[in-house]
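For reference, chains read A, B, C, D, E and F in written order, and residue numbers begin at 1 within each chain.
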Amino acid sequence: MTVYTRTSRPADALREIKITPNFLPHTDGSCLIEAGNTKVICTASIDESLPPFLRGKDQGWVTAEYGMLPASTASRMRREASAGKQSGRTQEIQRLIGRSLRAVVELDKLGERQILIDCDVIQADGGTRTASITGAFVALQMAINKLVEAGMLVHNPIREAVAAVSVGVVGGVPLLDLDYPEDSGCDSDINIVMTASGKIIEIQGTAEGAPFSIEELNKLIELGSKGISELMEHQQKALAQTTVQTA
Amino acid sequence: MTVYTRTSRPADALREIKITPNFLPHTDGSCLIEAGNTKVICTASIDESLPPFLRGKDQGWVTAEYGMLPASTASRMRREASAGKQSGRTQEIQRLIGRSLRAVVELDKLGERQILIDCDVIQADGGTRTASITGAFVALQMAINKLVEAGMLVHNPIREAVAAVSVGVVGGVPLLDLDYPEDSGCDSDINIVMTASGKIIEIQGTAEGAPFSIEELNKLIELGSKGISELMEHQQKALAQTTVQTA
Amino acid sequence: MTVYTRTSRPADALREIKITPNFLPHTDGSCLIEAGNTKVICTASIDESLPPFLRGKDQGWVTAEYGMLPASTASRMRREASAGKQSGRTQEIQRLIGRSLRAVVELDKLGERQILIDCDVIQADGGTRTASITGAFVALQMAINKLVEAGMLVHNPIREAVAAVSVGVVGGVPLLDLDYPEDSGCDSDINIVMTASGKIIEIQGTAEGAPFSIEELNKLIELGSKGISELMEHQQKALAQTTVQTA
Amino acid sequence: MTVYTRTSRPADALREIKITPNFLPHTDGSCLIEAGNTKVICTASIDESLPPFLRGKDQGWVTAEYGMLPASTASRMRREASAGKQSGRTQEIQRLIGRSLRAVVELDKLGERQILIDCDVIQADGGTRTASITGAFVALQMAINKLVEAGMLVHNPIREAVAAVSVGVVGGVPLLDLDYPEDSGCDSDINIVMTASGKIIEIQGTAEGAPFSIEELNKLIELGSKGISELMEHQQKALAQTTVQTA
Amino acid sequence: MTVYTRTSRPADALREIKITPNFLPHTDGSCLIEAGNTKVICTASIDESLPPFLRGKDQGWVTAEYGMLPASTASRMRREASAGKQSGRTQEIQRLIGRSLRAVVELDKLGERQILIDCDVIQADGGTRTASITGAFVALQMAINKLVEAGMLVHNPIREAVAAVSVGVVGGVPLLDLDYPEDSGCDSDINIVMTASGKIIEIQGTAEGAPFSIEELNKLIELGSKGISELMEHQQKALAQTTVQTA
Amino acid sequence: MTVYTRTSRPADALREIKITPNFLPHTDGSCLIEAGNTKVICTASIDESLPPFLRGKDQGWVTAEYGMLPASTASRMRREASAGKQSGRTQEIQRLIGRSLRAVVELDKLGERQILIDCDVIQADGGTRTASITGAFVALQMAINKLVEAGMLVHNPIREAVAAVSVGVVGGVPLLDLDYPEDSGCDSDINIVMTASGKIIEIQGTAEGAPFSIEELNKLIELGSKGISELMEHQQKALAQTTVQTA
């Protein structure tokens, strides 16, 4: 096994992050999040009705859908709408995004409405699910701000921010924020979703290559924790721009 | 019936057009086309294999798929991949895009390969199918240039440029390049696909509101013809940028 | 290019047209329309309920479905029910039939009910979509007559008759009412849907072979217009038979 | 329970039977079969290829598909192609038709080809599956005659004719060839498929209403046997017409 | 044709039958039925609501679903949930189970509720549909006993027991209760569903191999009748166990 | 928040575990695994062909499918085969099982074949995915033993055993091996897949209720690690039985 050396940036550095809020201005909340060459459009749509199974429970809901443009990947993938179904991977990711956001929202303070999040990958270079969560939080917060500003919500039902990043071991080296070539060749790969207060909402670690010990896991979580703090600064900066806009 | 007066621009003017080539740089050809608030990502992917029914016929193929981000419309629409099928409208549009492009390509000079076009609407404000065709031609030309530059094609198999625009009668007034509110309220609506030499490839006119006479049709075609000439200047300007890049 | 000479009939002549009303007597309206070897069963079914999105709007609806028997074509095609979905072509055609009929019906005078049109091709030799529209109008009128006779409608909500025909250029020659071999080999192919007063409801022109000029388009429309007048005589004759029957 | 009295015809009589051969002349075999108000178009299509699981086994295949026009029933039923799947009933019927025909064909003398049978009901008044079998045999025999005449088959691989009929007990009375009202109200209902030599190929008896004894079963089979003999005379007459035509 | 000799048991003997009631104790009724190597889990679930088409008719409903574990057959079959649809065979079988059970239940004495039967084959060696019916009756009776004991039903709405068995002719010899190798090689195969009073509810005979005469049919029914009497003793013994348990 | 007290067993104890090997004797490997009231049938089927994307790569494959009997849950769930698709949850679980098993198999020593694992839940009381993994390993090992014994594999390609368990925090208390009521009310829930050497293959932690700290995570992993050691003893005991059988 040759030891991997990342040349483009330090092992513990994020890729260049850019969050453009209001990317689709007619939506209730939106941003374009770029993490290196990974680019995802995240939008939030307020829906003043609830799915049947949630009606009359005096609570709201947050749910998410995820998709990739066919040409977002290096070799064009099949369009899921034309294939007639979403892959298992797609469903897994959109369930993860939904759970991650719901964990920071007090659903009983959201009113009887749902917020639908869409994360559409326009260019994929690894880490699309974590970028989706990080960007989706920005879109969600924007939609909730809109409800508060319109007087439809008295209190902000968001407990704290949430963001996500991937970490992994490639060629024996622990790395923060894997790009696609790193992700493909990694021994193990962990997606971490964390709150602003440093608590874990979701952790999904997979080691098809080489199983990892508890010590290695802890080292990777620490790395992820550092990355998530930085991502949250980008979220806040992006949200600050929207506040100015709406003021 | 009140006569409609368009205030934002003259009745015979296009919306502001912007074509950004190389929008997704890792594809074989791509652009973002903006016609007012309508925004479509168009990409071309070269596939060195053919679908079974075309193999061994010593010709190539061009085909297209079309999609809309759920949040691209004013009120979020259902994701087709999650609904499990493409709507009739989607299929109709992608068949139109494919036919329009094939009409200007000498398929027997393309080699035994296909070029797959994807048109994904990220913001919709009327005229998404015509913007898709106009943008798709840019992506297609870029992919073919790439084949020529790589020596995989000796001659450019494209006969001439193709572009498309909608025209219609709103409140009795013939208009060029309808936006969504105009399109929803129109008496009749015609999509015209034309070549650089001013010939018609496709014409699709619908009059659920008020049927139109042959004279009205001719007036509308003339209006469309003017718009298409202008769109082709935008296409050439965008393509010129890519040539400089690759030189 | 060899010039095509149609030997079976003049270039501006329809195929032999035969409309047999009441072909399926238990329906609310029906006919068998034959245009040469093309044969389509058209039926109308009155449904005293409306789809959810139209309820409470004080209007009715007309919609259409289209199908082909697997053995209707020269080489048997796959049954769509067994394939599990309708092709893009099928959906395109049934949307066209629905739009064409709605354009001549005052929906707000139809009451809160819908009329479902079925066009089932039992033998196909070109022009199945235009024959469907022409025959569907007969079935629709019969169903509406039934509502009027039963006192469920006070006024006939049909503004005027509608019929359709295809025209095209084959081997340089403009032809009326293409059969399948002509349609397959044509340079361009236009389907025209017109009202009794000579106005255009739908025009769909496609030129995968050779784009056409505006002059050629006008010549073809004139040819179509002549054919549609003749088709409307057949419609009226067929409807006259049904009136006698019910008197 | 009131005893049922059939007024239109004797209890042991078939409805009026009419078999029109060559109903769709461009197919390899076809007829329109009418049993009272039940009308089914049956066609046979020769396919010189076999499905993968049958290749290289030195035998042929016969298979069938069944469908109903949406307007064939008293109140319009949903189109299966639009519903996206065939109902359990449809699948059950087409499997029955296929098995019934295969039972009289020596598949190893058919060559490596399949014959596809389509039975499409255009008007339904009970007994559509049995009429389909009776008509399908005519279409199948025509297709096989065509192969023999073309020298593609040396011997007729059909062992003997097959036909089918329904029998049942309505209001305590055993009846031959139930129409729809009789079928809906019956105590028990048996579909019998028999060969010319009087042997049973399929028997499907259902008694949701009142279970029947073995004696009753035998009485019903006798009734069915009589009806099938008469149906076979109609088949032979129809086939005789086609022989004259091709001679 | 060589005459077949069954060595494992007499020609008129059932395989070893074992019915284990309460196999899934948390359901409303359940058993594991084993007929030789064929093993089916049958369960009954009481649902206090009815499908829309049955509401307000003052009656209940019994319906069934059938499935096979992918590994239940000698060579693993495709999972239907993953294939995205139930095969024609599956639908045919589950319709048969439902009809067979409904024939012995007075639906108008069941209350406005439905009982859902699930028959899941965990090991298949022929006769899975007949074993399903025999086991399903046990599960159904248990569910109904539960309703009676809970005072939700005053009278037992079951008229009499129902069970099913297959009979067939293999190598010229009539056999009771075919296992898979016998079933695959048989001339004809008949599934018989009978009541405790010896009446026939369903009879489904198929002779793809060699058609059978009415005499042969009667001999086979007699054989089946004997087998069904024995199966009903197994049902009663199993139900007796559950009564003791609940007492 | 009230503190939860588990009364049935200590907080760090597994439910009663029972693994019955050879549950379906005709398969290549099988067991019934019971963890308290959760019961899963796990089977392994050797397939001497590979899916197209893996052919010619000189390696084998292990994949898994997961299903639940409709009556396995407290209130009957919809059959996925009848719904026409697998839920996102089902797909997520079967992907997890497949990855977990592949992580302990040297695929390049498996030959060009695949082993298909089926995990079918017949009774569900929490922890079905982890029980599936633990049982699936037993079935997989049995199938591989069979290949080794048959001389089709020279070496055992399994690196080490794998098993899985869930841990979680309920009412503030860390618990091993949650049953369904505990799982529904938990603050956080972690599924851990580990190897015999104590390394982690998969870890999936979710905290919709209350996010957890890194310290809490470590405590839960320790608990899981203890449970997995015990599960592996059950696996070995079950496998020992099969070895005796085949000796």
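We adopt the following convention: a contact is a pair of C-beta atoms (placed from the backbone, for glycine too) under 8 Å apart; a residue touches a chain by one contact, two chains touch by 3 or more.
Just so we're clear, the structure is a prediction, and the values are computed from it rather than from any experiment.
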Labels of chains that are neighbours to chain E and to chain F: none
Minimal step count in the chain contact network, chain B to chain F: 2
Third chains touching both chain E and chain B: none
Same or different residue numbers at the chain C/chain D copy interface, by half rule: same
Which listed pair, B-C, D-E or A-B, duplicates the contacts of E-F in over half of its pairs: A-B
Euclidean distance of C-alpha centroids - chain A vs chain E, Å: 51
Centroid spacing, where centroids are CA-atom means, of chain A and chain D in whole angstrom: 59
Multi-partner residues of chain D (each touching 2 or more other chains): 84-86
Arrangement of touching chains [line / ring / star / complete / other]: ring
Direction chain B, origin chain A - full chain order round the ring: A, B, C, D, E, F
Complex interface listing, chain E residues touching chain D: 85, 88-89, 91-92, 94-95, 99, 102-103, 190, 194-195, 197-208, 211-214, 217-218, 221-222, 225
Contacting residues of chain E [partner chain F, same complex]: 24, 26-27, 30, 37, 41, 43, 45, 47, 65, 67, 69-72, 74-76, 79-86, 90, 116, 118, 120, 122-123
